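Would you mind keeping the following structure in view while I ask a few things?
Letters A, B, C and D mark the chains as written, and numbering starts fresh at 1 in each.
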Amino acid sequence: GDDYYMRLALQMAEAAVGQTEINPNVGCVVVKEGRIVGLGAHLQRGMAHAEVHALNMAGEQARDATVYVTLEPCSHHGRTPPCADRLIRERVARVVVAATDPNPQVAGRGIARLREHGIAVTTGVLEHEARRLIEPFAKYMSTGRPYVTLKTASTLDGKIASATGDSKWITGESARAFVHTLRHRHHAIMAGIGTVLEDDPQLNTRLPVPGLHPVRIIVDSQLRLPPSSRVVQDRSARTVVLASDQAPAEKQAELERLGVEVLRCGEGPRVDLAKAMDALGRMEIGSILLEGGGRLNGSMLEQQLIDYIYLFFAPKLIGGNGPGSFDFSGFARMHDAIRLEQLTCTAFGTDFCISGKPIYGNL
Amino acid sequence: GDDYYMRLALQMAEAAVGQTEINPNVGCVVVKEGRIVGLGAHLQRGMAHAEVHALNMAGEQARDATVYVTLEPCSHHGRTPPCADRLIRERVARVVVAATDPNPQVAGRGIARLREHGIAVTTGVLEHEARRLIEPFAKYMSTGRPYVTLKTASTLDGKIASATGDSKWITGESARAFVHTLRHRHHAIMAGIGTVLEDDPQLNTRLPVPGLHPVRIIVDSQLRLPPSSRVVQDRSARTVVLASDQAPAEKQAELERLGVEVLRCGEGPRVDLAKAMDALGRMEIGSILLEGGGRLNGSMLEQQLIDYIYLFFAPKLIGGNGPGSFDFSGFARMHDAIRLEQLTCTAFGTDFCISGKPIYGNL
Amino acid sequence: GDDYYMRLALQMAEAAVGQTEINPNVGCVVVKEGRIVGLGAHLQRGMAHAEVHALNMAGEQARDATVYVTLEPCSHHGRTPPCADRLIRERVARVVVAATDPNPQVAGRGIARLREHGIAVTTGVLEHEARRLIEPFAKYMSTGRPYVTLKTASTLDGKIASATGDSKWITGESARAFVHTLRHRHHAIMAGIGTVLEDDPQLNTRLPVPGLHPVRIIVDSQLRLPPSSRVVQDRSARTVVLASDQAPAEKQAELERLGVEVLRCGEGPRVDLAKAMDALGRMEIGSILLEGGGRLNGSMLEQQLIDYIYLFFAPKLIGGNGPGSFDFSGFARMHDAIRLEQLTCTAFGTDFCISGKPIYGNL
Amino acid sequence: GDDYYMRLALQMAEAAVGQTEINPNVGCVVVKEGRIVGLGAHLQRGMAHAEVHALNMAGEQARDATVYVTLEPCSHHGRTPPCADRLIRERVARVVVAATDPNPQVAGRGIARLREHGIAVTTGVLEHEARRLIEPFAKYMSTGRPYVTLKTASTLDGKIASATGDSKWITGESARAFVHTLRHRHHAIMAGIGTVLEDDPQLNTRLPVPGLHPVRIIVDSQLRLPPSSRVVQDRSARTVVLASDQAPAEKQAELERLGVEVLRCGEGPRVDLAKAMDALGRMEIGSILLEGGGRLNGSMLEQQLIDYIYLFFAPKLIGGNGPGSFDFSGFARMHDAIRLEQLTCTAFGTDFCISGKPIYGNL
């Protein structure tokens, strides 16, 4: 039934996660008399929407066809003309939609426009799966801020390093490979200046096949970032530094000469993270993988800026007073703690990963 | 890694099973710098190959890209120009292939041609899955005969009808829905004249969304097919009748006037099924779903013309001397029986289905 | 909780299936202050009940203990004194019961008796599991007839032998081993004279460790059983022959001299199977594993004398007009067929086994 | 086969875990001619061994029977006469043993004795399962120290309490119920004086049915234990306090007057935990469930005194600088951390539990 083709559309949309910036991941299948005649997905911001690719492939067979699309076709002129108009022009017979537009101001308009032109529209097919796929887009649309996924890896006693700072390697290869996939699936990677000063990481994706290099975001209130660090020297990806207004202007100038973008967020001694999210949203960063130390993770969590969490645990007990994954003032009562919902437990070699959505009910 | 993109290519190829006639099901994904830039599948015989659709979608981004394709690109001029040449012209950097061409006379030529032009080629990625997908194509290429899947449904005591002929309904809705999916996935449906005379079936696909109507093949040695039967009257699909040379010529003429194609296969009183398979192959029928009575199923099996079997069992005991699924002279020794391998057991509601490949070792 | 100890009691009861003749399988655990102090199961008809074994093991610790027993303690004098009285005498504090007595004339009496003497009684703990365990006992109590389990093994085309009679070996070792376990778990094995004449089987259990030898029951209307056959010559188990009144008296005398018991059931030319079940019940046969040919299986089924069915299927197609598992006149309409419920599918090597309860709704 | 009866013996042995003090858990099944005739388990230290219970139940049927026992029968006079002699006297035919005696000085003697008297002995049946069951006994035999299982429950950020000390309730009901089962399965429960001063716990088992009350062990170097605390006032279980030699003698006298046992372990200001384990071993404590705070857990771990670990995680992030599950100086290099092996992940409601054996390779 309809599920069959919508699932294929979702598979194509899912495969392109990480490559559409602030745009949603959308897939489209065109079916004519029981035959698939067009396939498409939105592949790059500013380029053709999923429907356009699929209708191009279908050619003349689009006429009287049924079009399966995971997100309601757009009805407004953006970087590309509205897909609803294209569908009307192609004289398709029916459009099957998984999820309506998450932007409440636009939701339903595309569908209404199709119906006005006599095209039958079915909605709600595999809606749940489609909604999960566009959660980052939905958040960006409704708040103007990027969707933030936190990833951390610790021992079973919650340490991300030994007392002397050794953190190589907490988790094994299988977990680390998955982290590179996570990076590929986000628009940006965010880390604190502490991590940069200690490890001088490259903060890019190292997949068996080349991945997109996400934007690197460094939280660096006082602009301590050394010009010699890899995230400055390596030009394969943009580097954005978040600084407080108090940071020295000459350091900003020096970094900018080296191609680094500096974003001032907040007057205090430390970066105002909520303002930073607004600023990153204005820069059209749609999703961020946060790989911070305990302080940055804790601050982001405290300000409810995190949308999803992956906690990797290695089967080790390290002891000592090394740092943990989350450093924030916290709650007096256990009952008020942040809860994780829709919990999933996945094994990666001898490590395992707990993931879920934080619920900030009692902050 | 490479598996990630090849799996997407296989999903698209798989989705188009049943719509490419004698052509193989092939999927293609073009990836440039970690970004999917093209998607394609072979969707219809005589139309663009998977690579062409995907390269069209990729446009200028094909240059220096990696191309994942489930089957070795063709290097000969068929109904469309060779894909290997197109890949060379687009100056892609690398081609990843799941399965080489099953035609031994052509196997490896496409890959060699790419390499001659400096394109890196990786083979064997998800090869097993890709080989299963093109089994019907491989058989057709090597034998000139269609790939035959037998489907039958019986009670637990092996009856396909009661002693008085009642066969409605052995299996439940869920199993019957799957049979319509099976029909959609084959180029033709084959039944015996007995079934037509008794049930006057339409032999088409009744899916929740319209499916392709496979060619109907009726085994009717003496041309007893009534002109008033549904398979004659309903013109939504081709109907081919297999008859013996002994069948009356005037009946053939009458049926042909009604649009039915008649194929003479064999001089004896009954259709020579092996010759029939050759003839159907020459008609470019690539795959057949056999839904025969016991006699036709048994004859096909006896002549080793069946490539895959689905046996549906309803949880019933009907008794009586009604017909069974297989009526053939059989083997004297249990040890010589046809075995089914790669057995799978799947539940459909309260029915279940055993499927596997017949092994004719001891015939 | 209570489940913990009752599960252990059920495990012990289950382990003794096949060794209590017409008596139920019962397990018992005595717990005193959080410590198991007694374990018992009913192990042999005429010997101690489960409660007695467990209380004997507990000794003085039975006082004020909690007693977990899978079946309501008996309150009547049978071959052993009533267990309810023993529990009262031991001054246990509480009795936990899984299933009440299936005999409606006795059900609840044991529990009432305990309560009258101030013992707390909890019922219904793991009741479902306990009821399944005593199904044969429940049937025997309510009908006076043995519980009959049918076992058959055929090819996928429903044949139990080739056209020439070869039936060695349809199923593989794993399935055959399970059949010997099934034999061990029944009070008697039943076969037709046809099977005896053809295969001269021993009809005993061949387990890796010695099993009990069930009573052998041969359905032999005309007393054709050869004195030289194994089931006569081998004295390791009782052999009972069911014959019609028309069978020759001298043959009966000859068999009886050889130790065979002959039971006359019915005046017609063939054994009246319903009467035979009554007679076997009067002989205190509690459960039978039926391993008949098609005719015997069919007649038993037609007369609704079968309580559970195991159908083994070997992944083979043998063809020919060999016999099937069920030979009976059957039903005109598919809708009236006997249904199997609570279906289970289990793999045994490359064979598989479908088992379930026959529902005779429409006979 | 032999597995069938040994599995039943193991089930009975397993059911009695927690009630045999320093004695091993052993089960026994006696089988005569395919019929179970005796069942037994070791139920209490000083009382009958498993073989004795089972042979008592079997009575005269023990002669020529096969005896399945999960641990090699004893051949020395302990609190009860040697089981090997009893088996010889009963003239059993065969003994099947799962695991040989873990005490290397005794291992094989029982088996040799049986064989000398013409009894066939089979070993190694379900040996792995049997060895796991007697791990605590094996450790006690070889080291003279109790087997220690650590249990802790924390948030996902590794806290066992909020910064203000709130720890009620980290985990949900399902996890807490399992902890009471764990307590029941150990000979003693061990906690630190900090836990007693803060929470004044009762440290007993609260199971739906009454459980044995394990010995309570309080690590209290300076004998700060208040006479009014529950572990002193509640006399349902023994309470043992571990103190340093430096603790005031008058406090010891006061506690002893209240029925508390005081054990001096070590001259320093803090209890010498390794010496304490020796002392507890001399007191014939066979197994301990450690439910300490971070300091006690860490010290025990550091000294390699822990044999198994259960880590419960609640799906919460509490933040703050509350205590963690393990407080010890730890390792400089991640590579040297204690690893957990044979890891298992089990869900308890929305909590989950990681359990495994610590491997102290690099200390």
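Here, a contact is a pair of C-beta atoms (placed from the backbone, for glycine too) under 8 Å apart; a residue touches a chain by one contact, two chains touch by 3 or more.
Here the structure is a predicted model, which is why all the values come from computation and not from measurement.
Just to be sure I understand the contacts, which chains border both subunit D and subunit C?
The common neighbours do not exist; no chain touches both.
Taking each chain's centre as the mean of its C-alpha atoms, give the chain farthest from subunit A.
Of all chains, C has its centre farthest from that of subunit A.
Counting only Cα atoms for the centres, state how far subunit A is from subunit D in Å.
Computed value for the inter-centroid distance: 48 Å.
Distance-wise, how many Å sit between the C-alpha centres of subunit B and subunit D, to the nearest whole number?
62
Between subunit A and subunit C, what is the gap in Å from one C-alpha centre to the other?
Averaging C-alpha atoms per chain gives centres 62 Å apart.
Could you list which residues of subunit C touch at least two other chains?
None at all.
Quick check: in the complex, which residue numbers of subunit C touch subunit D?
Residues of subunit C touching subunit D: 1-2, 4-5, 8, 11-12, 15-16, 19, 29, 31, 33-37, 39-41, 43-44, 53, 56-57, 66, 184, 205, 207-213.
Mind pulling up the subunit C residues that touch subunit B in the complex?
Touching subunit B: residues 154-159, 161-164, 166-170, 298, 301-302, 311, 313, 315-322, 324-335, 337-341, 343, 345, 347, 350, 352, 354, 356, 358 of subunit C.
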